[in-house]
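Heads up, the next two complexes both have chain A, just with different partners, chain B and then chain C.
Entry: the complex of A and B
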């Protein structure tokens, strides 16, 4: 049965319904109803009969008095609200500007509670009114197109209480709310519930455009206040806090503002507040925070403050995503790495520090202490590895393996490593050291880890060709002096390099391994051959090296062999030529070593010395024990070049085992010295290995030589590359050509455009290319 | 409909009295709640006289009140009926002679 069904079809015998209620006196009904409404407002509803009052409303509407009823009810509500406001709100108005936050807080709270009380009373009475006047809502309000009584009541509340014209309720309440928030921001506790209840009123009320009053009355003022607060806050914090503390405060602020927005404001305010905090506390100060002296990012990294770094990362990346946070952070990260890198470069390699004179001077002092130089080189690599490890850890734990940060770290590491022009040499030395000595006592796995780490450093190097050169010469030394601990480790390293740089890169090194193997074969057949012929007095072991595979940087040195050696060499040469005709053997005494038995006064010792040292020692065989040979004598009879000779003599006369006596005794060899055999030499060891004084870190001259060679090689590579590109394209513009060549060479080294330009000119001279008429591009000449 | 914990404490039955001839009807509370008028009058939150006494007087003849209660019971019974269940038509049970009066009562009672 529905009330909207209309009139049923006429049927016979329908009795007319009796009019409802006894009286249809509108005025009387209204008097009773208005009395009831007042009773309800005074919270005495339990004395009223719902049925009666409902019927009054029903009758009034039924007798077309809806308009009258609606208006009068509104007036009653109006009066009621006025009375409530006067009673509960106005007395709670703030008396004045109290400086004491507690008093202000209490006043504000009182006012808010008053407002809430009025609101609650009003709502409670409105619910009852709405029950009683339901019929009016259903029938009159709909047809008259006026709001139902509850929304009408809300509107009355808004107009009559909050936006009251006669007293400043609105200002007072907003002031109270802001005051409470301010008090809380200052670190005091407030009655959050009171604020929440007060704000809720604003959230429930809507203005004409159905927008919550909160967004017009409270939010804008609140945001303005917030902005003001944080401008001041930023200034205060920047002056009093270090970076870590600052960020901690910022985080707290963000958290508490968010909690505040969710708890007693509107959740939709949260992003705006967050933006304000960000815009005032973070964005303008990003760089200041990162580079704060003694507490910025760099200091955090120093102290391994993962939490602080992580906080900075989070704030910069999540909060300041679009205001330069990530950029500032990455910049700080890069600078931190670079400054650390520079420190490593400076402390471990003073050679790169100052201008040329200083360099020369330092270079000299370094030559005197090659061991120290070597350890510096190793330390440089170790420090670099440590630095990388440190940042890897930071990346993993503090930066959550952020890709962009990883990139920044890699970039910075790469650039500091490449700032050290000797990086390739040092890294190769480090590998050398590890494959030579370091591996003893380490398990294969540990070796692998060390080498893997080294490879990561190697990846940063842009001048890979330079590394290749050093690696080859170090490898050669390991192979020839049989110092490499395990062939497996060597090959493992080679495999790693191959993965990094491809087959081309390791081809020659593999050739070196191959030569070692072939030489072993050759030697075994040579021994068979000797067994059938008369063997020479000295037994020799030859390594045949393919000249293109092996680095021959330091091997120019020749000497006059004593007859015993010449004989042995001749024997091998004859043998070798029977097997391979047309190959020329060149002896490289600089790379060899010899076992020789020497009779001293005390006893005989077996010495292992370099070939040069042997040649020198053999000279003393013909000299009486007390006789001298001058430096000049030795030089003339051996023909060993000066630097090499000095080194050998130093080894024999000034190092740990003094086989020769030097006159006058001193640490350095000069051309005026003379030498005699030290027949008083004693040693508990029977077998003595006298290794040439190490000169493993290159001296300035060697370094220059190496540089020249590398330059030369690069020229050739650039030539080859240019020709290759031009052969393919036939015609190409200058810039395109330079770009293409740079791209192709990039995995070996970083060619500079000027150099490519010179190579192009050289190729034009040699008529591989010609300039076209436009002067900007080239033709390939077949 | 009457599952408020507040109301659960109260009696599950309410009394409806016809003012005109004094007949009273005791009906289950949830059946009575089918009427908006009755629901509001028994609403304990509002706290009207009816709510405290669990009794509501209605200004209709008993026969009308009876029919309304019958309808409310009918409505309550089939309110949760599945879509395929057959719901008997209540119209057949309305005697034509009280139809108009019943209609007005229904309007008043929001049934």
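Entry: the complex of A and C
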């Protein structure tokens, strides 16, 4: 301040205020100031003059009494805090061990409120003190390098209240907080605000290293307590809850712990708590939960409990991400699929009959009838499709289309489907069933949807070559017997297969279609040709099949044609040879069928039978109605091979329409049977279609034959593939070669390394390859 | 490769008896002629043999009768393994058959023009066969073609393969020729053989191998299997524990290793 005395002086001097004699006013000032401080602490500050008290403080600092002032103010605060503690906190100490949570809760609440009151009072007085002692803060504290009065006050609070040596404030308060939390965890309501306000104190106070005391005083004990609680909780829940309930509880716990951390503890505590809950409730029990009998993942899937599955998924994937949750979950998923798949495989095995059938009954014919076998085959596909649908839905709605789960599902479906060695045959049969005309009255669109789904099953098959073989033979049957629902549908299906496997896969099938079309043209010119020449007695319709396109499995059976047929065949052959030279026609009676008029006693019927059946029937033309032909007679005259002959005779004598009588009558044909023409046959229908008792599902023997053919084909493909690779690479190590060949063949089938090895050896022997000096790689020999 | 095995890089032997004197080609030729002629009654010997053996007079070669006489003169059992080494040296086209060219060149290389010298050379060949791995391998590989009964044949019958193994394996195991080695792939990708502590293949294994081949060996033994078997014998540990079925061993050896493993432990 400058001195202004009204009249300007020539040389104004700024003089320091005249120091008053030390000792005189200092005591006096302090007495007054300390009185004021006490008044402030007693909340009677409104009586005081700010300026006056500020000056006392100012003076004391100015007269170098800062040290004295600082110390004495702290003493006053100290005393004040002691007084407050005694007044508000100590009386609220927990009296003893109250079992009743409500009482304990109330006690704790009282203590926390007391602490908070002390805190509030202290802070309010400190603010006012800091106002009047501002000069001390600015001048003394800075030069003496001591904390300003407010931080000093906080420190005093920490040392004198919370960490009070003479009474267990710290323990009591922490106990109260933990008690409150415990009460809340036990499901009772507490005064969260009280806890929050109490914890806030700990968050605002800092220790020497500027760390919030919450992290030293509260968090560690809280976490330890939490751990203890969840160890017990896990045990309790595992004993009392099923999997769904258990997970529901876990989820609730996680939610409430998170809310607690955010609301009245510290947000930074949340991850640690979450980890504790996870480590105790989830990670040690993942497998137990997944496989809990009657309520685990499998049971949830059974009952379509989307919510429960989703909860499990979320907890296992989001909470137990790094402690094996996803793995345990996917394992459960796979096992569930595999066990379902195995059941489907077992119940629908046409060769073993139903699952109930006992192995010992070997003497009896254990096989199902062809019809049953077919329906089991179809059911296998349908069940597999249903299973896939089920898991598709689960994947979409419960697992949120998780990629890793999708992979696990695909893998498991694939492995169970390939566990059934007949999967390729069954899937092809299923498609056959849907592409056959006049069935079930499904609309085109419906059929298309089914076929699309079937393709998804087809994708799982590793033995695509085996499927191709069956598909071709089923397709041939549809085409030749004119059973296809429509050309469009067939071509649609082929297009789907082409998309999956490339044009190589469908090339031959397309060739079959082409043959059908060409044959129609050939027939119309043949008719024209017949119009100009003498037509044979029997009218024939010929399909010319390119031998490399069409499957010839089980269809090579020949027979002696009767003269009528020979004549007709000869006529066509002559015609055909005039148009194409150098082609050889081989008749395939096994694939043909015939319309024939037969006169029974009652009336004439028009029968549609297989070519073989016709050949057999014609034998009876020369036999009197009550005369017999033995099985041997028929066999010798027709030369039809046994299995085929038995099937035909069964159709004619033992099926729905009994054109022949079998002696003795029974369901199965034996080589000692004899047959006579059933002239008593009657039927309300004029036209009768007698389809051969179809063994559509392969019998064991047929299956073995097919397997052998497939094996043979695979050898050739492996040979070709090895040579192709070696031709390209010239020199290649054994393992590299095996891997490359496996890779290239994978779209057809999965070759095993031993098989490839044998093919390599065969090629070494045939001198396509040679072993190099190092004994583990090969040279290509051009 | 065939060429390699027929003419191994190490020039066959200097199994000379003494002297730096060059052997007399004429003398060698004369000996050939003496064995070529039909000294012995033919049919008595031929009856017991299963192999089709050419008559001495059919070709310009020494035939079975001459061979037996030769063995007698040399004091060697015709079924002694050393005869395989002799066959290798003299490029015999097959059992009991010797060409003039092979005979003359072979004995000349061995520095022999008299029966006495030949006897000494044979003693040396015998020891070399048992102790020199490379030489053993050459004779071993030669034996496959030697065992073929007709040209262009791709495999030899199991019975005759087993019989030849029965001759060769004991000879190799007797000395150092089939000593067990560890096989490793060196830094440059080359196969490196190092001495091993494992006892490796022994007579028990040979018995198992014969048993296996007789029971499950199929019809024939391919050249590949024959040649790889040599490496297998040399490198496999006694209990077959280190066998790697995914390596490039022929499948016959894979199958044998699997079959024998149980019996060995």
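FYI, the second predicted complex is superposed on the first by the 733 of 782 C-alpha atoms of A that agree within 3 Å, B and C clash if a C-alpha of one lies under 4 Å from a C-alpha of the other, contacts with A are read in each partner's own complex, and residues count from 1 in each chain.
Criterion: a residue touches a chain if its C-beta (ideal position, glycine included) is under 8 Å from a C-beta of that chain, and two chains touch if they have at least 3 such contacts.
As the structure is a computational prediction, the values presented were derived from the model and not from experiment.
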{"item": "If touched residues of chain A are counted for chain B and for chain C, the larger one", "value": "B"}
{"item": "Which superposed partner A:51 touches (first chain B, second chain C, both, neither)", "value": "first"}
{"item": "Partner chain in contact with A:764 - chain B first, chain C second, else both or neither", "value": "second"}
{"item": "Contacts of A:734 with chain B and chain C, given as first, second, both or neither", "value": "second"}
{"item": "First, second, both or neither for A:753, with chain B first and chain C second", "value": "second"}
{"item": "First (chain B), second (chain C), both or neither touched by A:586", "value": "neither"}
{"item": "Partner chain(s) touched by A:774 [first = chain B, second = chain C, both, neither]", "value": "second"}
{"item": "Contact residues of chain A, present in both the chain B and the chain C interface", "value": "none"}
{"item": "Chain C partner contacts - residues on chain A that touch it in the complex", "value": "733-735, 738, 753-754, 757-758, 761, 764-766, 770-771, 774-777"}
{"item": "Contact footprint of chain B on chain A as seen in their complex", "value": "1-3, 5, 8, 11-18, 20-21, 45-51, 54-55, 58, 127-128, 131-132, 134-135, 138"}
{"item": "Complex contacts: residues of chain B adjacent to chain A", "value": "36-37, 40-41, 43, 45-52, 56-59, 71, 90, 96-104, 106-108, 110-111"}
{"item": "Residues of chain C touching chain A in the complex", "value": "1, 154-155, 189-191, 222-225, 227-228, 231, 246-248, 250-251, 254"}
